[in-house]
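Quick one: structure below, then a few questions.
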Amino acid sequence: MSSIETLPAAEPTAYYPSPLREFWSAFKRNKGALGGLIFMLMLVVCALFASVLAPYNPTEQFRDFLLTPPAWQEGGTSQFLLGTDELGRDMLSRLVHGARLSLLIGLASVVFSLVPGILLGLLAGFSPTRLGPFIMRLMDIMLALPSLLLAVAIVAILGPGLINTIFAIAIVSLPSYVRLTRAAVMTELNRDYVTASRLAGAGTLRLMFISVLPNCMAPLIVQATLSFSSAILDAAALGFLGLGVQPPTPEWGTMLASARDYIERAWWVVSLPGLAILLSVLAINLLGDGLRDALDPKLKNAA
Amino acid sequence: MLSFIARRVGLLIPTFFGITLLTFALIRMIPGDPVEVMMGERKVDPEMHAQAMERLGLNKPLYMQYLDYIGDLAQGDLGESLRTRTSVWKEFTTLFPATLELAFAALIIAGTLGVLAGVVAALKRGSLFDHGVMGISLVGYSMPIFWWGLILIMFFSVGLGWTPVSGRIDLLYDVQPVTGFMLIDTLLSDEEGAFLDALHHMILPAIVLATIPLAVIARMTRSAMLEVLREDYVRTARAKGLSPNRVVFVHGLRNALIPVLTVFGLQIGTLLAGAVLTETIFSWPGIGKWLIESIGARDYPVVQNGILLVACLVILVNFTVDILYGLANPRIRHQR
Amino acid sequence: MSLLEIQNLSVRFGDDGAPPVVDGLDLSVDRGEVLAIVGESGSGKSVTMMALMGLIDAPGKVAANRLRFSDQDLLSLKGRQRRRLIGKDLAMVFQDPMTALNPSYTVGFQIEEVLRQHLGLKGKAARQRALELLERVEIPGAASRLDAYPHQLSGGMSQRVAIAMAIAGEPQLLIADEPTTALDVTIQAQIMELLLSLQRDQDMALILITHDLAVVAETAQRVCVMYAGQAVETGRVPTLFDAPAHPYTEALLASIPEQSDNRRLATLPGIVPGRYDRPAGCLLSPRCPYAQPRCTERPALEPYDRGEVRCFFPRNMTPDEAPEVLPEAQRPSQPPGEHHVQ
């Protein structure tokens, strides 16, 4: 045996960062995600302080200023920075209030589909022989229709408007959460820590919410951001088709419905609301991609 | 393979019944008097009301009404449009080819461009091209396609005058609807220039409709290729001294296309949803536009059974894609 | 003249400052010789062979003073020239046969590919030859197997197919990277037997990468022992086992279950250093039971009559056998030829 002192090997790393710090340092490396986050924060500010930020009331009509171009174009005025629409309403104010509306729709529909979705998914996962197949079959049927068509059908039945739009989009997003939660639950149930918990005497409710659910959160969070962006797109589509939020409420899609007639004369009425939708959805998608990459590298699709 | 198919067929039947239940329930959830809803008329006098209730079977218990409904469907009776008084089925079959043609064109564009872009992006990973493809596809599926259509119309139709604004073909041409597919019918007719005109009309809507599937397919192909290129059998292929092209296209792409095929199929649903919006913008006379107009006009027989037909279509297409996927994947193909 | 000559091979991933995965490796193989490369996971044995075959991609960088195979300088080969060599004169069989074959093509297709590429065989001639190859690797019912898909084959059969693909070009050197590790014990012996019979019949050189010392003792003529990216000892087979020179080799031999005295397996404390926690001195020094103050310097690989050893205090040697081992920095060496492999 050796009689000599042990020689030092390299120093091991002694620093183990907390999950939140790990997540943030991974996240902030993604420039696109950061950009998305910043834009989202801007939108949230717009939404929260719309009444303060918007120069005018979004439904107020200025009869003398119908279809005024934006301020930097000929015929524009600094009174209406982004011009006015066909009824003389200020575009900037409408867009700002539209942000509030879109975020509201997105948030509400996500919450109203996430919570029941998780519950149903948990039920389906924990009861694979009785409730499970029934719930999943129901979800499969709902998924048989493309989401927009289902939303259109629901709104067709219930009538147009903000509340029904949120309701329709929530229903349409529900199956993805149920499927996701159930799949995650089925995977986790096979894991040893669940068996260990069961052996230690944990009841089903405790298992469900305290042991299993936290481990399913990562894909759920990613799906939630995706649903948020789909919600905005679907709400805008419904608005465009005349089935969603009704005028004069300044929802971006609804604004585009009447804009069709003004393609030739007033490009800003057509371009600006759509641009707002595009940028918002883009920001959320970038955010979602960044979240997914930072939360679980395994979910990354080989980027 | 047989048991795979049998299982899929087995799933088809309950799903179909589920859909009929859904459409049945949807119509009955409309607020208001059911006779007024069904007949599209207001303030029906009591005698006619009672007769209508009798005739429409609305005073029977719900489950019997459902059975009647299924019975009607089985006989091919899908009701009559309140607006045109033509059978819903006839309207559907007249308008469907237009949507199919558009969807087909969009699928070809999305499929070929998407796979190509995805493969090249994977091969040149990290390059400007790769980032460009990823960026453009991100914008592609973040975009509201109805707005995209409007913008393209603004630029190309109104601004540059390159393409027509709406419709399938110029009214000048008199083309007989032999197949319902304008491109084929124009070739069959002897109107000069009709084919080109039809093509002209189809370009913009097809591009708009293809945008989202293109973006999704490009992304999917890229990530599938990247994964496949890391597999052991690709390493073996390179160790055999095969040319890089052969390694990528014969060994790599063949396996990467399998998951892409699934995505392809899922995009059919997106295409139908997108068709609704695209047809509305371009006044393309297909089933999307038909459904939306019927909803606006409260033409409920059309709404109910139109949705049913579309849903059945989507289910059938998904079924076919599932089967094709099974054929493409040797492991499933050889299962008992 | 050796068939294969490697001098001062190093492979690093990342920029030039990154510690190498393979560090200053010297190796040579003669025609018809069986060389075994032994080491734990992470010792760099597979990476060395991949570098040889040109399978290391960016960001990996391969550099060596010399990398010659059959009088060709592998360092300066262009892509097309390299592809004429790989799969033909220089072939490789990988560890996991179940993933090494393309699941979407038949066995016959994959073998005929090699025949078409390197021997110009087509159609019936190719199919006939593929059949012969399958029979040569002792696959039962070879004719029907030609049209089988990889998922229809067992592990042992898949590996036989992989071997058939490798010998299709009649290689001068076959590299087998842990060919039996992923297989059942009963099959392992058969596959090894097959490899050796092929080696004898075709007078092929064979590099066998393994961590199974028993296999080495029965099959190889020379052994190279690797540790943490370096070669620490090379020697001829019976002698190395009877009298290991490097403490690591000694520890490896001592840890074989057959050597234990029914109580505990003899092991070295600690673990193999990863790339970033390599000690400044001899790589084994933190774990070596014979470490001395001198071991804070890195020894170079020094030849002696029975082989080579990288240790200031080699074991099992008489004083006149022991080589004068210099610290690595002092050893004269040529500047490495650098090349990036595509």
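Every chain is named by a letter (A, B and C) in the order it is written, and numbering of its residues begins at 1.
Criterion: a contact is a pair of C-beta atoms (placed from the backbone, for glycine too) under 8 Å apart; a residue touches a chain by one contact, two chains touch by 3 or more.
Everything numeric in this text was worked out from a predicted model, so none of it was measured.
Among the other chains, the CA centroid farthest from that of chain A is the one of C.
The interface with the largest number of contacting C-beta pairs joins chains A-B.
Annotation: 52 Å between the Cα-based centres of chain A and chain C. With each centre defined as the average position of its C-alpha atoms, the distance from chain B to chain C rounds to 55 Å. Taking each chain's centre as the average of its CA atoms, chain A and chain B sit 24 Å apart. Listing the residues of chain C that touch chain B in their complex gives 53, 55, 79, 82-88, 91-92, 94, 96, 99-105, 113-114, 117-118, 149, 151-152, 162, 165, 169. Listed in rising order, the residues of chain A touching chain B in the complex are 137-138, 140-141, 144-149, 152-154, 156-159, 229, 233, 236-237, 240-243, 253, 256, 259-260, 263-264, 267, 270-271, 273-274, 277-278, 281-282, 285-286, 289, 301-303. Here chain B touches chain A in the complex through residues 11, 14-15, 18-19, 22, 26-27, 29-31, 138-139, 141-144, 146-148, 150-151, 153-154, 158, 219, 223, 226-227, 230, 269-270, 272-274, 276-277, 280-281, 291-292, 295-296, 303, 307, 310-311, 314-315, 318, going by the rule given at the top.
Residues 231-233, 235-244, 251, 254-255, 330-331, 334 of chain B touch chain C in their complex.
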